[in-house]
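First, the structure itself, so that you have it in front of you.
Order of writing sets the chain letters: A, B, C, D, E and F. Residues in each chain are counted from 1.
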Amino acid sequence: MLLHLSTWQEVEVYLQQSQGIILPIGSTEQHGPTGLIGTDAICADAIARGVGEATHAIVGPTINVGMALHHTGFPGTISLRPSTMIQLVRDYTTSLAKAGFTKFYFINGHGGNIATLKAAFSETYAHLEDLQIPNAHKVQCQIANWFMCSSVYKLAKELYGDQEGSHATPSEVAVTQYVYPEAIKQATLSSEVGSGHKIYGATDFRQKYPDGRMGSNPALATPEHGQQFYELAVKELSQGYLEFLNN
Amino acid sequence: MLLHLSTWQEVEVYLQQSQGIILPIGSTEQHGPTGLIGTDAICADAIARGVGEATHAIVGPTINVGMALHHTGFPGTISLRPSTMIQLVRDYTTSLAKAGFTKFYFINGHGGNIATLKAAFSETYAHLEDLQIPNAHKVQCQIANWFMCSSVYKLAKELYGDQEGSHATPSEVAVTQYVYPEAIKQATLSSEVGSGHKIYGATDFRQKYPDGRMGSNPALATPEHGQQFYELAVKELSQGYLEFLNN
Amino acid sequence: MLLHLSTWQEVEVYLQQSQGIILPIGSTEQHGPTGLIGTDAICADAIARGVGEATHAIVGPTINVGMALHHTGFPGTISLRPSTMIQLVRDYTTSLAKAGFTKFYFINGHGGNIATLKAAFSETYAHLEDLQIPNAHKVQCQIANWFMCSSVYKLAKELYGDQEGSHATPSEVAVTQYVYPEAIKQATLSSEVGSGHKIYGATDFRQKYPDGRMGSNPALATPEHGQQFYELAVKELSQGYLEFLNN
Amino acid sequence: MLLHLSTWQEVEVYLQQSQGIILPIGSTEQHGPTGLIGTDAICADAIARGVGEATHAIVGPTINVGMALHHTGFPGTISLRPSTMIQLVRDYTTSLAKAGFTKFYFINGHGGNIATLKAAFSETYAHLEDLQIPNAHKVQCQIANWFMCSSVYKLAKELYGDQEGSHATPSEVAVTQYVYPEAIKQATLSSEVGSGHKIYGATDFRQKYPDGRMGSNPALATPEHGQQFYELAVKELSQGYLEFLNN
Amino acid sequence: MLLHLSTWQEVEVYLQQSQGIILPIGSTEQHGPTGLIGTDAICADAIARGVGEATHAIVGPTINVGMALHHTGFPGTISLRPSTMIQLVRDYTTSLAKAGFTKFYFINGHGGNIATLKAAFSETYAHLEDLQIPNAHKVQCQIANWFMCSSVYKLAKELYGDQEGSHATPSEVAVTQYVYPEAIKQATLSSEVGSGHKIYGATDFRQKYPDGRMGSNPALATPEHGQQFYELAVKELSQGYLEFLNN
Amino acid sequence: MLLHLSTWQEVEVYLQQSQGIILPIGSTEQHGPTGLIGTDAICADAIARGVGEATHAIVGPTINVGMALHHTGFPGTISLRPSTMIQLVRDYTTSLAKAGFTKFYFINGHGGNIATLKAAFSETYAHLEDLQIPNAHKVQCQIANWFMCSSVYKLAKELYGDQEGSHATPSEVAVTQYVYPEAIKQATLSSEVGSGHKIYGATDFRQKYPDGRMGSNPALATPEHGQQFYELAVKELSQGYLEFLNN
C-alpha cells in the first residue's frame, strides 16, 4: 500500500490495524561513470515497495535527496546538510506521529545517510516527548540498510569478490539495471580505481576518487543479478520489518 | 533527461550546453475522500517529465513533501515546516549552483508551497552571493504552477465550472487518474462541501473542511480529462521554461 | 488605541471585549531617487493607525524592517532574511496569543513581505498548537495589503495609468507626501526606467533597475493624492478588519 | 537625518562623509499601571532623533520590540527570544555593512536588551569576517543606554531618590510624558511595590512584581522632568557618539 | 559532591534534599604570553569544587569552552558562537530541570561569557515554561563571577593596583599557578601593553592587544597569591550560593 | 601537551611542526548503580592525555557532555541535542582550523556520540569550504572510540565474557576505578539486567533498562583491570593517531 496512492480515509482504516510505516530514503549523488545519480533512491524505493507488498505495510514517499556532501564535487549531486536532514526527519515523523503512527522503518539506500538518520532519530524522540504527543514514548525509528542485508552481502561477495567495492558497487548498479533496464549505461572504466581512503570533504573526495567509484567494478553488474539482489533484500527486510513491528 | 537516470559525466556534458534544471515539487497531503495523498507530487512529477522531454531539459528528483501544515489534521499528511523547507531549497540549489546550474524551474503542484518557495528563493539568492559562488548573481529560481496555466484553468472552468473548487479539484484528480489509472478511487461524496473559508491552522481547517475537499467535486474527473490537462500543462510550461532560459 | 501608548491594564480591559490586534508591517528599502527609504513602513503605520481609530482596534508596533533582500544592492536598505522574519513573527504572535489575542491583522506596505509572512503564519499556527496554548486553534493571521485595495488600485490607474509601475510608485510616494509633507524630495528622474523584469537577487535587481524604480513615475505624486489614497485604504481595510473579526 | 525620510541617493552621499549610523532600540512591554507599553521604544526613538540632529548622523528605524520575555506574563508585552534577536541584529548590520556602514551606535531604552545585544554583536563580528565583506574588521557596534548616562542618573537621584526604582521608573515615564503629553495616564498606585528581587522567568516575575513596577513611584514623573532628562541624554549621548566615531 | 564522580542513584538521593547545582563555566582562549589557554576554565573549575565542598552542593561538568570569538585571532583559542552557547545552556538546564533541578548556579571564569549566559537564561526560562515541565516557573539561573567578588577585587587592587588590568590578569594567572604549579610559564613581557580599547571583532582585538594582554602585568602573579584569591572566592561564592538557594 | 596548560605562543610554535589535535569527547550520563555519571568523559580524558604524551600531540579540552538523550530518564544525565552538538563541533573545528589545525582526532568514550559526531564532521567540511579558509580541503576529522580498540575488546571478552554488556560495562567502570580509585562505588546489583533491546527514546530506555545497565556486570571491574585497559587503549590509539597524521 503506497501512501501516495491512498486516500486519507484509507490511511485512517490502516491505522486501526497497524501503526507502522516504511519510509524509503536514498540519495541523489554521483555513482561513477556508469552508475545512475539516483541509484540510492531507486534501490530504496523499489525494495521498499517490495517490502510493503510482502508485509501489507504502507510505504511513504521516497526521500530521494540525503546526506551526500562528500559527493558534491561531482556535478548532479544534491545534498542536504545534516542539520537540514535532522529537521526534515523530525517534520516527517512528527506529522505522522500526530496521526497515530509509531513505528518508522527507514529502508535506506545510502551509507552516508546512516549517521545523520541516527542523530535525527534521537532528536525526534526527545522532540515528540516534549510535545507530549499521545504515545510519544512508543515511537520507534529503525534504519534498514538493504545493502547490509547478510544475504545481499553474501551474494555480492560470491559474484564480485573484492570488486564489489564500497560505492558505485556492482550490486547497487545491478539493482538499478533490473529496475530501469532502459537506463543501463556504458562507459570505459579505468582499471585503476581509488580505494581504501577515508571519507572527508568534497574536494578531498574527488581527489582521492577521481571518477567517483570507490574500489568497485560496476561493469560486472547485470539486470539478472539485480533481480537476485532485489529479491533477497525484499525477503530479508520484510522479515526485519515484521520483527520490528512485533518488538 | 532525468537526473536520477543520468550519470555525473552526462550532467557534465549537459552543463556545457545548458545551466537550466527543472525541479518538480508537490506535497503529501489529504485530497478528500477520493483524491490520492500523493496528488500534488504525482502531477508535478508527471508534468515535469513531460516538460523535460519536450525541452531537452534535465529534471531533478521530485520534492514530494512540501508545506502542508494545514492538512496535518488528516492522517497520511506529511509536512515540512516552512523554516525546514527554506533550508531544504537552499541546500538543493546550493549543491547544484556549485556545479554550474543557474536556472531553477520549480514545477509546482501545490498552492500551499508557493509562499514558502518564494521566501526560500530570496534566502537562497542572498546565501549564494554570500558564498561568493561564481555566477551567484546569475542564479534565478522560478515557480511554475501547472494548475495556474491559463490553458489548464480555462479547460477546468469549461469542464467543471464552480465544481472545480480549490483543493481536491477534479482537474488534479483527473491528472492522477491519467497517470495512475489503477488507483482510481470510489467513495460517496457528500453533496455538502466546505467552501470559501480562509486557511489558518490544522484544527481549524479540518473543522471547516470536514472531508478535506474545498468546494470541489472530484467525482467529475476522468482519466481522459487528465490527459487533456497533462498535455496542456506540458505545452504551456515547456514554453514557459524556454522563455525562462532565454530571459 | 495604540499599544505603545497604552498600559498593560488597558490592554487587559481591551481583551475582555476584543481579541483582535492590528500589526503594521513595512520595509526599510530604497524607493528610487525621490521615494523615502521608509515608504513602506510609513504607509503601513499611518493607514494602520487610521484603521485602528475607525474600528477601535488596538494597533501594535510597526515592524519597519521586512524582507527586502533584493533591494540590498542600494545603500540604506535593511532586510531580514526570511528565516529570521519567520522567527520574528512567531515571537510576536506567541507573546500576544499567550495573553489572549487570537486575531492578527497585518496591514502590510511591501509586496516583498507577502510570501514570507504567509510562510510565517503557517509556522506559527503549528507552533501554537504544539505549545498547547488555550485557544491556539482559534488563532488567525491575515495580511491586508493596502496597495492592493480595489479602491486604491482603481484610483492609481485613473491618476497614473501605466506610470503607476510596481515599485516606488506614485501612489505610495503620494501617501508619504501626505504624511510627511516636509520630506518631499526632488530629483531628476530618467525618462528611461527599468520595467517588466522578474525579481531575483540583489545584484541582478540593481542591474535591471538601476535607479531603483520599477516602471514607475513618482513625479506624478502629490500630497493631495496621498490623502485620497490614505482615506480609501483606511476605509476599505477598516471594513476588512471588521469582517476578519467576525469571521 | 532620518533613514526613513531619506532616499538611497542621499544615503550614498552621506556614506562618503560618515560610516556611522544610530539605531534606536527599545521594547514593547508593560511598564506598570501608568507607564506606556511603548516606553522603552519611545524614549530610545526620541533621544536618538535628538542625537541624530545634534551630530548630523543618520538615524535608522527604531527596533521597537526587544528582549522582554520576563514581562510576558502581562498582556500587551511582545518579546523576541534572544536567539531571534541575535539573527535580527545580524541581518540589520549585515545589510548596512555591505553598503559601507561600519559604526553602529545602538541607543537603547531597555536594560533587558543589553545582554542579548552584546551577544549579537559578537556573533555579528564573526559573521561579517566570515563573509569577507570589505572593512569587516572595521565594524564596531556600541550600546548607549540613555538611562545609564551619568547626568540622567544624577538628576533621577536628585528628583526621586529611592523612588526611581528600576522598572517603570519616574524618569522614563517622564520622558514619555514629554514626548506624548496626550498620553499621560492616571491610576492609583499601591504604596507597596515589589522591590529587590532578581529577574528570572515570566511567571516568577509577575508573582514578585504584581503590578509590574520594580521599586518605582512613577507618580512623581512630570513632562517638565521628561524634557530635562531628554536634553541631558541627548547631550551626553551626542558626545558619546562623536567619540565613538573618532575612536 | 561532583556529578562526574556520582551515580544516578546518588543524584536521586541528593535531589530529595536540594534542587541546586553548581555549573562551572570558563573559556579556552589566549591569556597573553604567560597565561594558560585554559585559565578561565581552570579557575572556574577549581573554585566551583571548593564551593561544592563547602556547601555540600553537587558540581556539574565544567563548560570549558565559552564565548571567546574576539580572541580567535590567537592560535589555541576555541569559541562557541553565542547562538550555539544559548542552545547548549538550554540543553544542559533542560536535561537537569526534567530531573528536578531548579537552581542553577553558574560559577563563571570569563567576562566574555556574561552577556551570552544572561541571554541564554532568558531563552531557557521561556523554553521550560513552554515545555510545561513541572516546577518550570521555579527554575532560576544565576551567574557568579569569581573575579568580581568584592574580596577578590579588593585584594587584586592591593597587590597589583593598575597592573591588574582586565585580561590575562595577575589574579587569574595566580590562581592557575596555585592549581597547576607545574605549569607556571616564563616569557619576556613587553613593558608596553594594550589598554583601554573597547572590544570588537577578532582582527581588531589582535591589532589593539598584540600579545593578548589587556593592561595587565601577569608577571606579578605568585602561587601564594593564587591561594589567597582561591580562598576568598570560595568563601564569598559559597555564601552567595547558599543565599541563592534560600532566595 | 595539554592545550589548557599551554600559552598561545606555545601553540603557535606547535603549529609549525604539526597541524594535529586530539579532542577528547565523553558524556555525562547514568552508568548504572555503580558507574560514575562522568564515566565516558573520564575515560576519554584520561586516555587522550596518555595518547597526547605518547605522541607529543596537543590535547584540547574534553567535551564532557555529549549526545545522551536516551539516558535523560535518569537523574544526573545531561545531554546535548544532536543539532546543538553539530553546531558545537562546527564551532570548535572552525576556531582551530582558522588558526591552522587540519587534523582533528576525537577520542571518544561514548557510543551514543558516534552518529552525531559523524554528521557534524560532514557539516563541518562543507562549512569550512564555504568559508574559504586556507587549507579547508585538508581538514580531516576522525573518531577514535577507545572501547572499540581491538586490544581492549579482546581483553574485555577474556575477563568478562558476556558480562561485559554494552553500557555501564565492567571495562569502562574499571578505567574509572583506575583513574579515580577514591570514587569506587558499591551497590547491590540485581541479577536480572535488561539486555538486547534496541535504543529509542528516554522513557522507553528506562523501562527496558530499569537500573541503567545494558547487559553488563560492572561488579567484575577492578582498578587493575582499568590500568590494563587504559594502557592498551593508549597504545592502540597512539598508533592510530600517528597513522591519521601521516595519512
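Throughout what follows, a contact is a pair of C-beta atoms (placed from the backbone, for glycine too) under 8 Å apart; a residue touches a chain by one contact, two chains touch by 3 or more.
This is a predicted model, so every value here is computed, not measured.
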| field | Intersection of the contact lists for subunit E and subunit F | value | none
| task | Answer with same or different: of all residue numbers used at the interface between subunit B and subunit C, are over half used by both copies? | result | same
| query | So which has more C-beta pairs touching, A-F or A-B? | reply | A-B
| remark: subunit D to subunit E, mean C-alpha position gap in Å, rounds to 29
| said: Centroid from C-alpha atoms only, then distance subunit A to subunit D, rounded to Å. What do you get? | reply: 53
| task | Give, as an integer number of Å, the spacing between the C-alpha centres of subunit C and subunit A. | result | 46
| field | Numbers and ranges of subunit A residues touching at least 2 other chains | value | 72, 81, 83, 87, 132
| field | Cyclic chain order when read starting with subunit A and heading to subunit F | value | A, F, E, D, C, B
| task | Write out the stretch or stretches of subunit F touching subunit E in their complex. | result | 2-12, 15, 28, 30-38, 41-42, 60-62, 64-65, 72, 74-81, 83-84, 87-88, 90-92, 95-96, 98-100, 180, 183, 185, 187, 212
| task | Would you pull the subunit A residues touching subunit F in the complex into a rising list? | result | 67, 69-70, 72, 81-83, 86-87, 112, 114-123, 125-126, 128-129, 136-142, 198, 200-204, 247
